[in-house]
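Across the two complexes that follow, chain A remains constant while its partner is chain B and subsequently chain C.
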Partner chain A sequence: MPDTLQTPAGHVRLGSNSGQPMTRRDGVAKVTGAATYAADNRPDGLAHAVFASAGIARGRVVSLNVEAAKSHPGVIEVITPDNRPALHLDPDGKSHPFSWRIEALQDKTVRYAGQPIALVVAETLEAATEGARLLAPEYETEPARIGFENGEAYDPPAVGIGGNPSFSKGNFDAGFSGSEHRIDASVDTPAQYHNAMEPHAIVAEWSGDHLVIDTPNQAIQMARGAFAGYFGIPPENVTLRSPFLGGGFGSKAIIVGPQILAILAARMLGRPVKLVLRRDQMFGPVQHRGATSQKLRIGTDGNGLIKALEHEATAATSSFDDFIEGAGNASLNMYASPAIITRHSAVRVDTGTPGPMRAPGEASGSAALEIAMDKAAEAVGMDPLEFRLRNYAETDPASGKSFSAKSLRECYELAAQKFGWSDRPLAPGEMRDENGMLVGWGMGSALFPAPMFAAQARATLRRDGTALVETSGADMGQGAWTALAQIAADGVGLPVDRIEFLSGTSDQPDGGIAGGSGHTASAGGALFEAGSNAVQKLADLATADPDSPLFGAGNTGVEAREGRLFRADDESRSESYADILERAGLETVDAMGSGGRDPANAEARAMFSHGAVFAEVKIDPDLFQIRVSRLIGAFAAGRIINPHLAKSQLTGGMIWGIGFALHEEGIHDLRSGRPLNADLAGYHVPVSADAPHVEALLVDEDDPYVNALGIKGVGEIGITGSVGAIANAVWHATGKRISSYPIHIDALLS
Partner chain B sequence: MNRFDYIRPGSVAEAVAAASEAGAAYLAGGTNLLDLMKIGVVAPGKVIDITRLPGLDRIDWLEDGSVRIGAMVRNADLARNPAFSAAFPAVSEALLSGASPQLRNAATVGGNLMQETRCAYFQDPLSHCNRRAPGAGCDALEGHNRSHAVLGWTPSCIATHPSDFCVPLAALGAVVEIEGPDGSREVDLASLHELPGTDSAGGIALKHGEMITALRLPAEASAFAGHSRYLKLRERTSFAFALVSAAAMLRMEQETIAEARIALGAVAARPWRAAEAETFLKGKKAEPDAFAEAAQIALKEASPSGDNAFKITLATRVLTRALTLAAKGTPDRVPALPASVFTSSEGATAHA
Partner chain C sequence: MTLSISLSVNGESLSVPLEDPRTTLLDLLREHIGLTGTKKGCDRGQCGACTVLLDGKRINACLTLAASVDGTDVTTIEGLATGDTLHPVQAAFIEHDGFQCGYCTPGQIMSAVGLLSEGDAGADPERIREGMSGNICRCAAYPGITAAVLDAQRRQSENEGTSA
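Up next, the complex of A and B:
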């Protein structure tokens, strides 16, 4: 990978810090407990809130024993729809694309099991918990609608956040009917719940009409504005602190009802209030990945060239809001086909509203598409990798645009070579290990878009030779504090240990959204530009100062590194930042930066990260217990700022792929609508023994168009490809195509 | 808050006296009771902490060759006890296949026997459950029941007992020592958990105030050490309850099975000893057909209680496999993935 990149200003270069496999800068703080998460805050006078969860999925609360709760020792207040103070915004409204309709005790309707129906505030957590229990709600119950067969179907106006629900190019019917080989595939995916290690939590404290909230959040400035809106105060009156998140996975970007209730309670009582969700409360009001039911058809000619590709997805959403998993859109940008149709329908069920969950759309869609591709390869009689290469998309299949950069071919080659794919028998059921286990090898292609969000940063160069850099970024455990600091250090031309990096609160410039795999590119771009703008100010000072050795160099004739400016044409002439500032009589110079993407490039190019994942499964030939014995992926995602952290992100995504394929499943009782496995004993995610060998390889990729730094993202792509690769490996081991995830033993037994 | 008295008695007699009052519950490792209290399934008015009672954390080898395990011995300590593991390797393997290291460090022998079903409807106080509230009905019967019982169930209750530990214990004729308001008594472990009846949901066969003080394995139980396996089928490689499991233990005389001990787990409201299959194998050669037939015999009374007919097939195959593995001999040491189908170490008859 090229180790230098000239900034737009030309003074500083990326590569002294970026590209290094630094360990997490916040690692010691985290392992010693010094890193404070939202629920660790205990302001003086703190009261504790617990919400009562609806025990039915549909109907109406007709009574709550508020008296019993209020008379319990320690209980301060019980908030219900009868006494809830007004909000400035309607919780059933949607003020912008990232607003969900939320449950903030606006009425007595119950829309899903687990919905907050009252908030109890008490002197202790225990008293609040017991107070909530004593409310003993009674309901008018209507039958719950759970599952695709039981919900109300409709045509969604959009999928994901503002995505097109349908797409068509070419003539599918003609292409498909004229194909030599035709396959179809049906694949269902279940509801999945984010279940970050840290549950949603908030500590809210008012001072007049100023509000301070500690709450984990992936989009700090956006959330600040949203919180302010509900309470009718200007955004600058809200201080939101979210220095660390114990995982977010999409569920902590969008405001949820319980947060609003805690803030309301704090204002009502004139005391700080803390609300921490219990694990079981994570299965309702804080989003989930909606279930999908997908159908695909692929037609190919005799040489294995795809002539027609169709991907239909039905997605479940709540009865009162719309988040439609854009699963079908996974087929828009991956494989070349003269005819492509994608289509979405939706079904309303009585659960909480789904939301973005790590690789929304792509994870579920790719899990089905890769099975269909494997079936198509089988129909043609072609190796699955060869089949994908045969249908390699040189330009974006949906738009016809050139890719900003696409190194998928290199990913296939690297991962296949590392995996040993060339030894794979074409037919299923032919491999056994030394213990007689069925062995199967499967693969999948990985893809995720490379969006960017508006972001800003500030860099301040100080006379002591250090710099302060600031942006409201979000470290969810992925290592933003480290990768962003590396970029920031390069931006100011200093070693990373000489910068003070402040992030994670709303006092800082808008770091954008830690979502869509776009945080490093967005906030990093802003940090780098802020640094180079500050350095430019220094360069202006020095090159205009007759006493400086840089006098007359012109402000594009200098380069910054290690805290000094050098003449570009004469390394022997240089001056330290400190000397420049001192002679100018300044303590600091500072500048803002905003990064971003060249709009012309954004219009002209299709921008994606790519990857290839190869899976080996072992399956007991009689008992059909499954283990993913090897999972090897190679990924190309533009410039990698920190290979150590990037691999960690990618392997984390791949392990999530194991969970998607084999474990994760939110089960709701069809009659009551209540979740049946709302704890981590019942809701399985992979344990270490499920991931004995997971390896992510990085493919160098120089993307000159995606943004000035050439950064894409690695946060989500690891799931895509992995799920289908595992399902395809299961087929290769057993000869059985699965039709739903997770893959249960009984699906292979039959 | 939901107040309860916490009592730490100094002796078993004090504990029993305290527990004789209504609404009392014994607290041992707390890995099940505290969870059930938190989710509102039980609400004892008095919690009697028996973890510090003297003498209950010992493993004693008695003169007749039997072993007596105090009820407060931690699962991890018992599983790793060299003499115990050598004499009863399938019991160690079963223990180590359960839960996680952290839970095994906390959980106790007595508590494991006392643990409740993991039926989701039992664990949801808003669901109808005869086991939780006799006469309330059973929501599992028409609900999500793919992991429920295939043996010994009635429409009153289709829950399973989740223990791994109890499965080989039932097969080995373990005896449970009990102290209570009416004095001491003993119960065979295999009948400690009552099966559901026409009108009853079954459950632990202890009278109010009784506590388990020890578990005894008879001397003859160690005769199976050379050919003892526990096999646990699950849908996650570790830290998951069994979908079905089997303990298979053989006393071999050359190629002939002199005696067999067999029990199934996660198929019924109790660890399911398969006495008829044991009898069938006596005197047979250790051959695949015999094992397959024994497994058929063990499951011949089985019937699906819901969407779980596949468990009957699986249980038959798991037992066949467990018997096959047992015939090959106990491994030198408990495998790194205890009781897993992915354990590669088989063969070596270290204890023969």
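Up next, the complex of A and C:
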């Protein structure tokens, strides 16, 4: 198990340090099979665990054939609510905003289909799997409550994590009734499942009251504390290793019940236990994007200026916990309007609890908002791009604050030009390709907040001219191993290949959360500051030393690069880090850093990444099969640390937009409450053939306020404009406005 | 009774005891032989993460019972590079950023190697996308994957051109 990233010789490097399009430092490890994911760990004496999943959505387990399971050759133990050892914390408690109520065999209640109802541990995976099957549970079944019309409605106190459930400014009713053009739009979005390619996995091993766990996690120190809490041990007794996540998308930020069960089993048996979810088990206990039902109204004057905007969303959550998609809040920050209302309601249904999934709130909300905007443009008789420019928000519509930086106009211009938007006929149904396919062009605006999380890092300058930099970052594919090293290299003033970067475990300073598109800014800011602080210590040594060519330069009069300090006013006077350390008799000098955001800027400015996405669809005129033939987006997200990797993040998000618009739909049987398509053949996600031409363009943006490095995020914004752009292109091809995602063929046939 | 099977894995002849007839080739590789580069994404042939070459042809190791591979020649991601020299498909995946989280990558690369040796896709991006559509990448690194396979195909056909 590598605790550190080994970067074998031979990785391709196109440049160095921030702003350079270098290839991934973990590239060789990932293309040779050497990158170690949690389930790849095989400690000596390993036992395999499989949990039995509830086959009903609501009720109670009344019997399990534990005897049959235990008598199967190789089965070691069966854990049920009858013999499950106590936990230090109640799994139904919520100790902080990032803890979910979890299912850890606390009782025999079934709250959703797929809930763990017993854990079988065996010498082999095959025996554990068969043991779980032999449990043959019997239930007292209550009717499942599935769907908005069947669940229990309530007013949620918050949306997302601590977000406001409602907002109002101006007089909507007056603005709307006084508008020349009035449109409304209803848009439903289904449950969607993260389905990272790596199923949730854990290998747990106890040594006395010390716990070592290999499990993919997006927030390593937070998870360490949470695991420690459930088992009543101090956080420092937990070692959590997560060097590579096989995708997360939000589902691996918050710890889940199966992880707790594996750790319990390891403690009960006194040997290491591995638990890897089956793909069908990814459709219950590990969160999903909750379904929404949204209604929008937009009123405009005769010139296409928006006078009133209303966005209401109803979101589904579980019967026992609250995570409400803040879909309506997507209308708070995008378009200027003197009157804006957003409102949320919620419905409890018998599924697992939803959670954050790539662009939570914004993805579902903008998917509806952009349809409404297109309808409004149609009502005014205006080109959709011109309509959006007409209603361009120069300041944040919700708060009235100035933006820290907003380059959306440039995004529109660049992407529209690349797409060829100016040739678009205004009316729908006018374009056909050479094969007779209906062709449509649509667009959408993209937006995502630029949050930062608390993070720390340490930098150590060594006498051999290298540096050690450390933070508990999480690389789930966004490229933390590479981008954070690039920032760290700039912080210590060294080429990136002289950086040893330790990350991905709980041994390092808290790297914060890889979520909210805020990891590069947060952990990167901490790394940069730690490096700068360490260099400052060197500068203090040199400028105070009469034997240094830098003597008397003063702390601010020194620049660091390529492992040397230079006098700012005299390039000829410089000294290497190694010489400074040697003369001072030191092997190393180190410092901590925490990054962060200037509180005054945080208070004064609204901070978002922006983008524009243009879609072309081709639709069979007889069968109405839909293909996204082109998807071109331009994005402005502050300083881009690595354009090569940032583009991959953005195109990945845009292709998620294709999945949202055309494919993804978690279907629960209304009668039994069971998921009907809990596998990758039934739950469709995009494949290569679905994304023939997806292109992300980067717009330069200097954001002096967002943080010291000017970094925003690119992980989630790609999905936000893309979904609506595709729906609008479908309208442009067919003249049909859709009212639910994904867009089914039958919606176009009717 | 414990059976054992003989097979060649990445050029090495192995005799592996097979304690359980339910064991798949995927679990044999990962849990018994210790080659964990091949990944389990769905365990039912729907995602392609477990793609390996069996006698030169790409297959889903999760749908293949270990007992059925006696006497075969298996190539996994660990057997593709020659020492420190990457296979052209591996190098192209790095250069074109044909992956993000890396979990599906071994399967993508083995599938690409299989696709190129099938020789049906040529330099046609649409056929490459079709031929690679049995391998899901949830990060959706598809533009990079297609570019990488095209690039590797071009390099391979250039090499064949010079050696002919």
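To be clear about the criterion, the second predicted complex is superposed on the first by the 734 of 750 C-alpha atoms of A that agree within 3 Å, B and C clash if a C-alpha of one lies under 4 Å from a C-alpha of the other, contacts with A are read in each partner's own complex, and residues count from 1 in each chain.
As a working rule, contacts are C-beta pairs under 8 Å (C-beta built on N, C-alpha and C of every residue); 3 or more make two chains touch, one makes a residue touch a chain.
Note that the structure is a prediction, hence the values are computed from the model and not measured.
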Review point. Regarding the shared-chain residue A:674, is it in contact with chain B (first), chain C (second), both, or neither?
Key: first
Review point. Of the two partner chains, chain B (first) and chain C (second), which one does A:686 touch, if any: first, second, both, or neither?
Key: both
Practice item. Could you look at A:663 and tell me whether it touches chain B, chain C, both or neither (first, second, both, neither)? Key: first
Exercise for review: Pick one for A:453: touches chain B only (first), chain C only (second), both, or neither.
Suggested key: neither
Check your understanding: Does the superposition put A:627 against chain B (first), chain C (second), both, or neither?
Key -> first
Review point. Touch check for A:750: first (chain B), second (chain C), both, or neither?
Key: first
Check your understanding: Any idea whether chain B or chain C touches more of chain A?
Key -> C
Exercise for review: With the two complexes superposed on chain A, say which partner A:244 touches: chain B (first), chain C (second), both, or neither.
Suggested key: second
Practice item. Considering only the touch criterion stated at the top, classify A:98 as touching first (chain B), second (chain C), both, or neither. Key: neither
Review point. If you stack the two complexes on chain A, which partner ends up touching A:124: first (chain B), second (chain C), both, or neither?
Key: both
Check your understanding: Once the complexes are superposed, what residues of chain A are shared between the chain B interface and the chain C interface?
Key -> 124, 126-127, 130, 681, 686-690
Exercise for review: Under the touch definition given earlier, write down the residues of chain A that touch chain B in their complex.
Suggested key: 55, 72, 74, 124, 126-127, 129-130, 133, 280, 434-435, 437, 618, 620, 622-623, 625, 627, 662-663, 667, 669-672, 674, 676-677, 681-682, 684, 686-690, 742, 744-746, 749-750
Review point. For chain C, which residues count as touching chain A in their complex?
Key: 19-20, 22-23, 27, 30-31, 34-44, 46-47, 49, 76-78, 80-81, 84-86, 90-91, 93-95, 97, 99-106, 109, 125-126, 128-130, 132-146
Exercise for review: Going by the contact rule at the top, pick out the chain B residues touching chain A in the complex.
Suggested key: 1-2, 39-40, 118, 120-121, 124, 126-127, 139, 142-144, 146, 233-240, 243, 310, 313-314, 317-318, 320-321, 337, 340-342, 344, 346
Point to revise | Residue ranges of chain A in contact with chain C within the complex | key: 8-12, 23-24, 26-37, 39-40, 42, 124-127, 130, 195-199, 244-249, 276, 278-279, 475-479, 644-645, 647-649, 651-653, 655-656, 659, 679-681, 685-692, 694-695
